[in-house]
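Each of the next two complexes has chain A plus one other chain: chain B in the first, chain C in the second.
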Partner chain A sequence: MWSDALNAPRARDGKAPDVLHQGGWVEMREYRDTEEVDFVIVGTGAGGGTLAARLAEQGFSVVAMDAGGWFRPIEEFASDETAQEMIYWNDHRVTDGANPLTMGGNNSGKAIGGSTVHYAMVALRFRPEWFKSRTLLGYGADWPIDWREMWHWYAEAERQLSIAGPLSYPWGPKRGRYPFRAHELNGAAKLLAEGAQKTGIEWTETPLATLSAPYRDANGTSPPCVYRGFCRFGCSTNAKRSSLTVFIPRALAAGAEVRDLAMVGKIETGPDGRATGVHYHRDGEWRFQKAKNVIVAGYAVETPRLLLNSANDRFPDGLANSSGLVGKNLMTQSNSAVWGRMDTPVRSYKGPPSLAISEHWNYDDNNDFHGGYLWLGQGPMPIEWAGVLTGAKGLWGDALREEMRDYNHMVGVKMVGETLPNEANRVTLADDVDQYGLKVARITFSYGDNDKAMIDHALQQMRASIDAVDASDIFDQPDDNCHLGGTIRMGDDPTTSVVNADGRSWDIPNLWVCDGSLFPTVGGVNPSLTIYALALRMADRIGEMSKRGELYRCRM
Partner chain B sequence: MAEKPSFPGYDTMARRDTQSWNEPTRQAIDARLSVPREPRFFTVEEWDCADALCQLIIPGVIDPPLVALLDAALHDGDGHGTRTQTVPYRREAWRQGVNALDSCARGSHGKPFAQLGKDDQSALLETIQRGEPTAGQWGAMEPQDFFKRCVLGDIPALFYSLPQAWNEIGFGGPASPRGYVRLELGHRDPWEAAEVGPDGDSDTVERKNRHVV
Partner chain C sequence: MTRIARLIAIAATTALTLSKKRQLQRSPAATGALVGQSRTIVTAARRLNRASGMIAGSVLIDSAMEHYRGNFSNRAMWTPLATAAMTIGASAHGLGDRQHGAHTVRDTIYSTAGAVGLVGTAFHIYNITKQVGGLSWQNLFYAAPLGAPAAITLSGITGFLAERVRHNRPGTPELIFGYPAGQVVAGGTALSLLATSAEAGLLHFRGAFHNPAMLLPVTMPPISAALLLRAALTGSAGRMTTYFVGATAAMGLAGVVFHAYGVSRNKGGFKNWRQTLFAGPPLPAPPSFTGLALAGLSALSLIRRARRG
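For the complex of A and B:
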């Protein structure tokens, strides 16, 4: 194995990998396990990495841990679908329900930087009404945060991530200019645009978290995107703006300690019912880090799993679970697609896969289903494409090999669709244990009638768009799911939510959650920008609360 | 239907020492092409059955044989770490699956799967794919789900991880640090596969494909 990032922890002895420099190391502050740090953060993805940086920058003592390895993309990432499996969460899990979710590379990362190491960088804001979908649109649950407040944090996240986007965005309330200019469209994006124009709906260049011009700050430089197309398998040039390349370097510079290959197995609580720290596995042994506050940011499956696995005599149903809602209301986003064949080679493997977008159906309420969806241009790599043909058409043998030869000619659009919260869709504990001896997550999911009606509508609309560009051999890929959300609902009422608007547990005031599991509803857009924005907001709120003395034994 | 695209003379490996391949990619592909060609996960009998299965799913001469890549993948790890109610974790599923296939073949033809003729092998797979009953012992595993998740989920993925497969479909292959410059529909970077038709006649294309470095 060319990368030893998974053999032994790299962040130790006062230094950590410098992801922005080949072979580089940066100084890292370290804390003893017995030192009661202000915050221990579990997970370093969109939520955890962002929070680690912003809390450390305000002067808090922070230790962030991640079960995954610490890679330096520019010297360790191959341009290869198989070799890059090392950045996915492929530990054991159980899936069931009527529509067992596909897990792994399509929705779960395991690395310093979390799933943002291999995300497709689509950086979108929610539609404002979705923050009050119950009140305004009649479905789901209201968020405890006003859209205008989120608008501020979205802009902040876009600035800090140097999002490259269009001059003006066609949908929703006015927003400022994106910090970087939009990327050039590839063939697949041009066809999405043509399809939209011919069917009379709007489209635009997708706002993306990859650089369209060089970037430099105190921590180092990043080059613009070279359109190599392997984004979902890790970006080997560092053009991608992620928790790994943006927030982790900032966290280190501000004095946070970040521990790689550190799997948290249990959160401990004290006699007063407060969290006292975390048990974690690193370097072959179990250790205990003391902390004044624990923040869980492990994403929608691992976060509830950890809270449930932390059950003790005082909290027999798991931590923060007086509402009984920990693990419930798991949502995914439907990810069905329509494909067709063009006479001209499209070579959609070039460039970020989703350079063009239509959010038309997110802003139309005249449908017989609740919620919305968008669609994005696609650029499947060969193994993914083989998966589409075997999955959607059941092909094998000569039929598969022949049809694969059309690879360069294929074009497709893929939805990201809202699914509605439903308590029966949930994360619980299975009896199987993982390599650390911890009970694994059981993930139960079934689409509801509303979800299915939306998928049918989307397939029809996407078909029309692909048909409009004169593609031939058009076919549907009806079954696919992507991003996750829910399981630790945020809200205004302790009986109907697990945490409040600040991600703070109603039951245990020094236990917090900051990741995609907070979402009361997932909307019809990719989630990462909303998670970044929530984390920025939460860090700011924690700073204020600390000044007012509202944090448990922790005051700046 | 239009004739299938062809890319005469195209060899992804010609770019191995160019700006399109970085060191981790070279190491990953080198390791893949030099995978051990003997069983480490499977028993010899299981290997023979899995080998026959691989050759049915992706027919033709393939080097290294896909069964070697499958055995190596299962030897090195447990793959995509989810199990469902009907298909166990990958290692267990594959071991059960090939033994079940053999038991089907023995049940209906009195000999192991690998010794059946191609037609009988294909007929058995089609039966399984359609979800119809077989003569074998599958235990708690659902044959149709095993076929979908493991057989179709894993074997094609092994083939399309090989440069040989990329040549066949005209995929640009590894692309870092150089990436691509010509994104426009139908435009081709000089280091991408040329296709007969859009990029010229057979001779022209073959000449272009000799210079994709």
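For the complex of A and C:
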């Protein structure tokens, strides 16, 4: 039963769950708490899981920890929206600001594999100009990494994740062929395509991290996608290519230890100001793991929360915070939608929810707002759909029930829109404490005028697209948000950023960050592939630095 | 069934009636000095009947499965089943027939199969172009497969050639429309192999050639086709040609095993056969190569026979 995964740690006594085989276990190397490992990694999602694999494969001793449970997808993931809430980070948080963010399924995972266990698998590259958005486009902040270098790591991430994508991508510089072919479009995707064609904008098949053909490597096999449609509630076939199914098995095979149900509460620093390890809660007690390097990969809320919760006499404002920027510049991506009703059934819930995409407005600069957005086909599950009808149309009772009868006929497109960094949008510590006794995050967010202008523009354009396919009863869902970014900005200058291009703290050289919180700007694309790419790059950089003796007491 | 199937049945009955006239021209195998050549002609023709039946068998099962998957949403989707079934019948009849002379009913059925395949291809092209995106990779991969109906045409052509070979008189050079029969069949088979290989290539590309064995149907048949084309043009063929064409025949059968393995790699494997047989690689498709290769082997024996005089 999945509840077992939450009752007691599964990875122990030298073995860990083998998620690629039913009931399987794999051997796992274990380290004592007193053993000073090369790297302790906090979080096992697109950043942490990828790093755990790549660092262990280079011979470093690695312990990766995650507050969530170690689920077995093929045995434990149900076609049940409510039951699957277990994979989201639904712990207590305080949200405020003019537009309090919706947290949970859209942006926070709590499981081995992190948010990649429930992500929609949309695997997109940034537009090259976004890496220099301040210089080239006049907004936000420049990234400290050149787009050409990122292009290399994107390709590498796509290869390792066996991304299934179109043979030619309509936007941006030429890219190599995706490892696997694009999936068949479902009803919702075909309508997105038709709407795009009729309104004169380009569309394509969405590059997705789910297999369109069988896959096998040394750790096991995965079947191609069966188009079950519960991707965002946990893929039960392992066709989804996530940190859980790709990088965690590799990390274990390479000798990393991965600890489930291990909540890291504080990073300890020594007399020299360097990190010495992490305090973590597991098996009902607080423990301390010694480490030469600490990498935080908890995403844009939990990462700054941990750094702030780790404040001590030497670092009273939290770790790595000499710039005062830890937690600031929180960004989300606007996720407004337009829905309509088709006369013929669409059955949009079949298959991955976002099989078709238009990035047209990410590559058009002739607007009265900065940044860009895309839209994707949608396939909400029934309870989710009821939530849309309740939230956007205010339906309840009989009216809601009647409208739900049209579930098979609904069609919609949803934006993923860039919001601009703003120091007033931030993660701080609230006075409330969670079940571990740790101060919870206060998440303050308000849309700026630019963000609102973009949402208005997107709603108008999406409405035109839904209207073009002759949908009726068209309505907007203006208020929704999804992915996060910012809060631990990477940059070239210690006064205007928290970490450098390698995710290394300017203040504490053996403290690193690797997740979406690094993003100086979030762009108008889903962030997971960029996080994977950053993690692959960072692992490579750490290997190089180690060879040159530039790592603290850690040399290969 | 359908109006189309009934029309085909009426056409077949009419042909049977007309065939009585042609039947008179048909004769038992010759005697005396012509026995050897007579046997060769009939044997070559029967081999071609068998090849045609093999391809039709592949089409029958494949189209039955795929069109069942498509809910037979268009009545015309029954057509390949009826046509392929009749082609199998004609081929079985031809295989058991040891007489000289083309058989009108078989000829009619084979011709019908050839035409149905062309119409089917037009249907499939229409299906592709009416999808959003039109003639795109997405639709070439996932809409009605462009190459599938052509297989029934190839079956019909092979059977038609079988009848042409059989129509030669003992004591005269084996000709088809005035050209050496072996060379004509070799040329036709070569082109058919190339077309079928292109179809396999498209669908294996869709599967990203994830298994190296998926490269076999896009390498071996084209080599065999090249060797057969050379044989068609030069009127001679070496052992290498026979080996490759024979290996292609074997590959077609091995392909069923490979495809079974592919089915097993889909979620649930054969325990979940009601889904995986349709989601996985089609089990009946690869024997098309066997059918064509058998036609190729028949052509090679005719070529060698012609060369020996």
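As a convention for this text, the second predicted complex is superposed on the first by the 553 of 556 C-alpha atoms of A that agree within 3 Å, B and C clash if a C-alpha of one lies under 4 Å from a C-alpha of the other, contacts with A are read in each partner's own complex, and residues count from 1 in each chain.
As a convention for this text, a contact is a pair of C-beta atoms (placed from the backbone, for glycine too) under 8 Å apart; a residue touches a chain by one contact, two chains touch by 3 or more.
On a predicted model such as this, the values are computed, not experimentally measured, just so you know.
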| item | value |
| --- | --- |
| Partner chain(s) touched by A:Ser212 [first = chain B, second = chain C, both, neither] | second |
| Contacts of A:Thr237 with chain B and chain C, given as first, second, both or neither | both |
| First, second, both or neither for A:Ala182, with chain B first and chain C second | second |
| First (chain B), second (chain C), both or neither touched by A:Ala193 | second |
| Chain B versus chain C as contact partner of A:Asp456, first or second or both or neither | neither |
| Touch count on chain A, higher of chain B and chain C | B |
| Touching partner for A:Thr221 - first (chain B), second (chain C), both, neither | second |
| Partner chain(s) touched by A:Pro166 [first = chain B, second = chain C, both, neither] | second |
| Which superposed partner A:Glu129 touches (first chain B, second chain C, both, neither) | neither |
| Footprint overlap on chain A, where chain B in one structure and chain C in the other make contact | 184-185, 190, 226, 237 |
| Complex interface listing, chain A residues touching chain B | 2-3, 75-83, 89-96, 100, 103-105, 184-187, 190-191, 225-230, 236-237, 341, 343-347, 349-351, 381-383, 385-387, 389-391, 394, 396-398, 400-402, 404-409, 432, 472-473 |
| Chain A-facing residues of chain B, complex | 1-2, 4-6, 20-25, 27-29, 32, 56-60, 77-85, 89, 122, 125, 129, 148, 151-153, 155-157, 159-161, 165-166, 168-181, 183-189, 192-193, 195, 198 |
| Complex contacts: residues of chain C adjacent to chain A | 131-133, 137-138, 141-142, 205-208, 210-211, 262, 265-267, 275, 279 |
| Residue ranges of chain A in contact with chain C within the complex | 166-167, 179-182, 184-185, 190, 193-194, 197, 205, 212-215, 221, 223-224, 226, 237, 239 |
